[in-house]
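Two complexes follow with chain A in common, the first pairing it with chain B and the second with chain C.
Up next is the complex of A and B:
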């Protein structure tokens, strides 16, 4: 039975490349009696860099989860929330680096906010010498991460929230006199959190290992550990490869420590919430301040991202724009002219690779989940760990090993090879986005269908898949966005033969030219934005006559 | 068909020492024949649209003149290509490699050459090689004191020049000490990229040139016994200027583009770049205000050359050699030197050129911010690569972790 064996096969497909790549990393780190680790320990910045990785990762994840919960608790079901929801797609589609650059241009001492207020309000005719970006505590970096992760967590929560039957619970709690926020936190959140737990872990691991955002917003004396690893890997003459490998293994350890810490806090939070529930505080007074805070937070984050993007868009057509001018002097299309020749083939290739990887990932995920459902298999924690390895292990740790694998198999340099490697990163996200909804789908539907004589196949095609249309599309959109954003895997396995929007964008961005960066950031976010928009709009169109399916 | 195969066979044989007696011309003809129809993948930093446009133009020339297709693989860092060739070697791929040509110099070249990752020697057999000014521009054959031995071919000269806003800085400093005084007197308006960045470390080497008693020592490897004494004035200079740097030295720009952006944003007033024509070219492209001018220091500034090299397993090494030769063509070199295009300095000896070719250079406008050659001052040779490593390691130890 093929279906039955598929979960194992998928796991092997996912874990194999990562483990092979890891082995390729562990080898240089452990060679010469672990000299690489001594080199690593000799770096005076190590304690601070490690602390920064842990600190920014944990702080940004905790803050993102808090804000996501706050927005859901205070605003879910209100007209404001519908507006926030419609803005999610473009926000999610912004590549991390572009978001960071937009925010950087917004808050820098020579940035848009300072320009808008100068010189009439501030008296500045030259940018003030203030340390806002690259601050030593990583506050700018944390802010940037939060702005990017809150929309992702919101999307994840929205794709599963209906499984928790929120309306009935909130109504019941309200009739008992609970405030809106207290009702949500005490009755919906405890069921919702397990459904978004893995996305939260992925956010934590990502935030701790991010390189491109840290490069733009993060501290530099010392930088975060992941940034330093990337620097070592890119060191000329490749003499620091061993140190980089040792650092990568330490980074992996740090991620595991952070996850353990997070798990411990989860247990504590659970006890705390249970006790609060037993106390029976109605906390209706918390509603207004929570609502104001949620609006403020959503407004600030939304403003930050959109204004940053608007700034990049403006830069892409700016002719001449100096401090303290609030707007450019003229319009020039030269940056777009630079981008245009390669645009069509690059877009087509990007889209083709993303579609192939996402389609394969969605098929595998659905097959695995269906196998689980039909054969009563349960995913062991070890299996889940293997599946999520590509998200937990920093990319820069195992990619070089993966490249060697591709070289040995003689499959590098073609777009199917690139799509195959993208699958390694796309599949966990698709699984992550889809599994909670799939697993919590009320089994009574299927039981009823079978009682009426439907075969398993019919139950899947006519019942389960249509019911799960929204989560499947959301998961696919996430998968598309992940694939479209891949830089290193595309470059390493593509061998320079496969040019996507992202390889173009990253290479051009290394020159620091804001006009070109703005152009490519816009191009890069158009495709994912379209996917997310479809994922949100399609189910509504298809189910416009089914009130129970409206979310 | 048979002819072409024969040509390919010849091209293959021509690379073996057994046929070294063949005349250059016949050998080159066979390389040209083999190159026709090849697609050359040139791995080059892709961060500057001006350079990308120039490479695309070179590609058109290669197609028109030799039937060679040129594809630029745009990199964010040259190391990506070096690592690629290294992985191919590790995986045992000795032919058909993905990289045909790399824009390279310095440490990356030294590493690839010593690891046997380069094809060659080829540079000195290129038909245009006699035009290269190897005596007037010794950096064309000596890369960070390492003889190139024909394993890489030069295509552009670079020299460190300082850029300043002439509106705010009336009298640019002419010496290192004057620069130090200006920095202290104008807090927050000068910085340098954070070592081990290439340009940041170049700044350290430039300061070392200005503070070391005997600069000739820099052409030799670092000696442990004298290193501390020789570099003490350098660190003293940095200790003096750091509190007056941009952000009080609590943050540094990442690299040359980031430094350039600070100048463009008006955050700093004096900057520097490894290209005397950069300011003019950026002004022409509308990225810099037209009040930016350049200066160099008395006693000279560090200069080096950009090269192209061919990996040992390049799939299209004949085509790659054709491109390396084309890059030395006077028309191509003159275009690169045009400030409206790139503003790169030529590697050729202008006196050796035919009058028609020389006139291409004479016709060039210098650009509003570029110093004429006689005011650029002497070119200081790159110190031995061990100085770069040692200085950047030391910098990280001293300043890499803020108090």
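Up next is the complex of A and C:
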């Protein structure tokens, strides 16, 4: 039975590349008596690069979790929250690179904010000589990470919050005289946090090791450790690969240290909250300030992201736009005309890779879930951890090894190799997105069909698949968005020769042509948006005459 | 036609949930009556072959002499009506009935005739979600019967209907089953259902319920 073995096969397909990549990274780092580590230690930027990785990672994760909790505590169940909730999915679909570029267009000394305030408020008639972007402390990078991670954590929290019975707990606490925020933090959060712990760890590991956002917003002299590893790995002479591998091992160590630190704080925080709960402080006075702070934070992040994306769009069609004008003098499509010889092939390749990876991921996910249903299998926690592995182990740690393997197999620089690596990152998201809908489909439909004589195949093709059309398409759109946004796997396994919208947008970001950057970033942003739109529109169209299928 | 439960027992851990030894002749309706959570659904699961893991079954289920005990649900030819009509929401009314009808000629005509027989002429292209509760119940019954079952299991199929509708639907289902000579096992916690069925009334452990 092929179907029965597929879940195991899929897990192997997920864990295999990660483990092979780790081995491929460890080997060059450790051969020649660990000479690579001496080379690494000789780099004068190392202590600061390592500190930047730890600092930006921990700070952005802590701030993201704090804001996520604050928004939930102060606003959950209010009409405002419903509006925030409807914005989460579109915000998540924005690729990291496009978000970073949008924020850069906003906060740079010559960015939109400075233009809007000049010269009437600031007196500036030329862009001020301030190091806002690429600041040496990684503050812009932290801000960019927070803007992307808060929506992610909120969505994760919302998907499990109902398991904590929030309404009845909050009501109980309210009848005992507790304020909203205190009630949430003391009665809901302690059971909610364990449910989102894995996503929080993934956010921490990601934030410490991100490369594309760091290239756009992060410090440069020295850069964060992961940026430097990528630079060594891509150095044309191939002499720095040992150093890159040693750096990757160090990076993994740093992530583990940060996770251990986080865990220790978790334990302490838990004790603190438990003690706090027994003290009986109703803390109703905290509600109003918390509410204002939550609104301010959500407003700033949401407005910032949307304004940044609007800035990208505006620059791509701006004719003449001098500092400190708040808007361009005219509209011109010349940037699109100039960029189109590069844009068209990059778009085609981006879509091709994303379609291949997403199709494979959707097939495997459906087969796994179908096997689960038919044979009564259940996903063990260990299996789920293996599935999460490509999201938990930082890309910068195992992708160099995978690149070395791809080189020896002589498939580096081909688009199928890139698509295959994308699959490793696409599949977990497709699975996580589709599994709940699949598992909660009323089993009596299938029983009814079987009682009518339907075979398992008929139940799948005629019932389950059409009934789950909308979730399948949504999961596929998530997969497309994940693939379209991939930077490091495309760069490393593509060997710099597979040019997608994302790699090109990041590569262009160090140059100064905002109009061309705008075209690439805007397309990078529009493709996932289009996928999500299709995922919503297609089921509505197909089921327009079926009221029971409207969601 | 005859449905025989031959020393059928189901245990969950140490607890015996079902113990039935009975014979239902064609046109007869036997009722299982007990409060919810007392093994009624378990008995149905054992008969149609959908017992979850952790339940131990012994004994046999025989339909017209065929031993069903090891057959998958789809080969048992036991029709099933749930509390909810469970019409497939993505198919039209006709599509739902077509799903049940064994392949053969004149499908459209047979579906139309079946609908006409319960006063639903011309309903084939309709979206099931636009039907009233009574209409949906009738379509669900038709869908069940069009698959040409040799026995009928009813899992509280009338409990979601209001009183007037319940009487009408109940007599429709019972009349159809009697006319087709189907053995019927009715699971309910409603004494009126049991009265209307007119046959023996048992608990899932095989004792007289009254």
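Just so it is clear, the second predicted complex is superposed on the first by the 353 of 551 C-alpha atoms of A that agree within 3 Å, B and C clash if a C-alpha of one lies under 4 Å from a C-alpha of the other, contacts with A are read in each partner's own complex, and residues count from 1 in each chain.
Here, a residue touches a chain if its C-beta (ideal position, glycine included) is under 8 Å from a C-beta of that chain, and two chains touch if they have at least 3 such contacts.
In this text the structure is predicted, and so the values were computed from the model without any measurement.
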item	value
Partner chain in contact with A:466 - chain B first, chain C second, else both or neither	second
Partner chain(s) touched by A:496 [first = chain B, second = chain C, both, neither]	first
Chain B or chain C, by number of chain A residues touched	B
Partner chain in contact with A:333 - chain B first, chain C second, else both or neither	neither
Which superposed partner A:506 touches (first chain B, second chain C, both, neither)	first
Contacts of A:516 with chain B and chain C, given as first, second, both or neither	first
Which of chain B and chain C A:12 touches, first, second, both or neither	neither
In the complex, chain B residues that touch chain A	41, 43, 45-49, 52-53, 56, 71, 73-84, 86-88, 90-93, 98-99, 106-108, 110-111, 187-188, 194, 196, 198, 246-248, 250-252, 254-255, 257-258, 260-261, 264-267, 285-287, 289, 396-397, 399-402
Chain A residues touching chain C - in the complex, by the definition given at the top	376, 442, 444-445, 447-455, 462-463, 466-467, 469, 543, 545-549
Chain A-touching residues of chain C, taken from the complex the two chains share	48, 50, 52-53, 72-80, 82, 84, 86-90, 92, 99-100, 102, 127-130, 143-144, 147, 149
In the complex with chain B, residue positions of chain A that touch it	43-45, 48, 108-110, 126-127, 129-131, 133-136, 215, 219-222, 231, 233-239, 319-320, 322-323, 332, 334-335, 338, 341, 400, 403-404, 407-408, 412-413, 491-492, 495-497, 499, 503-504, 506-516
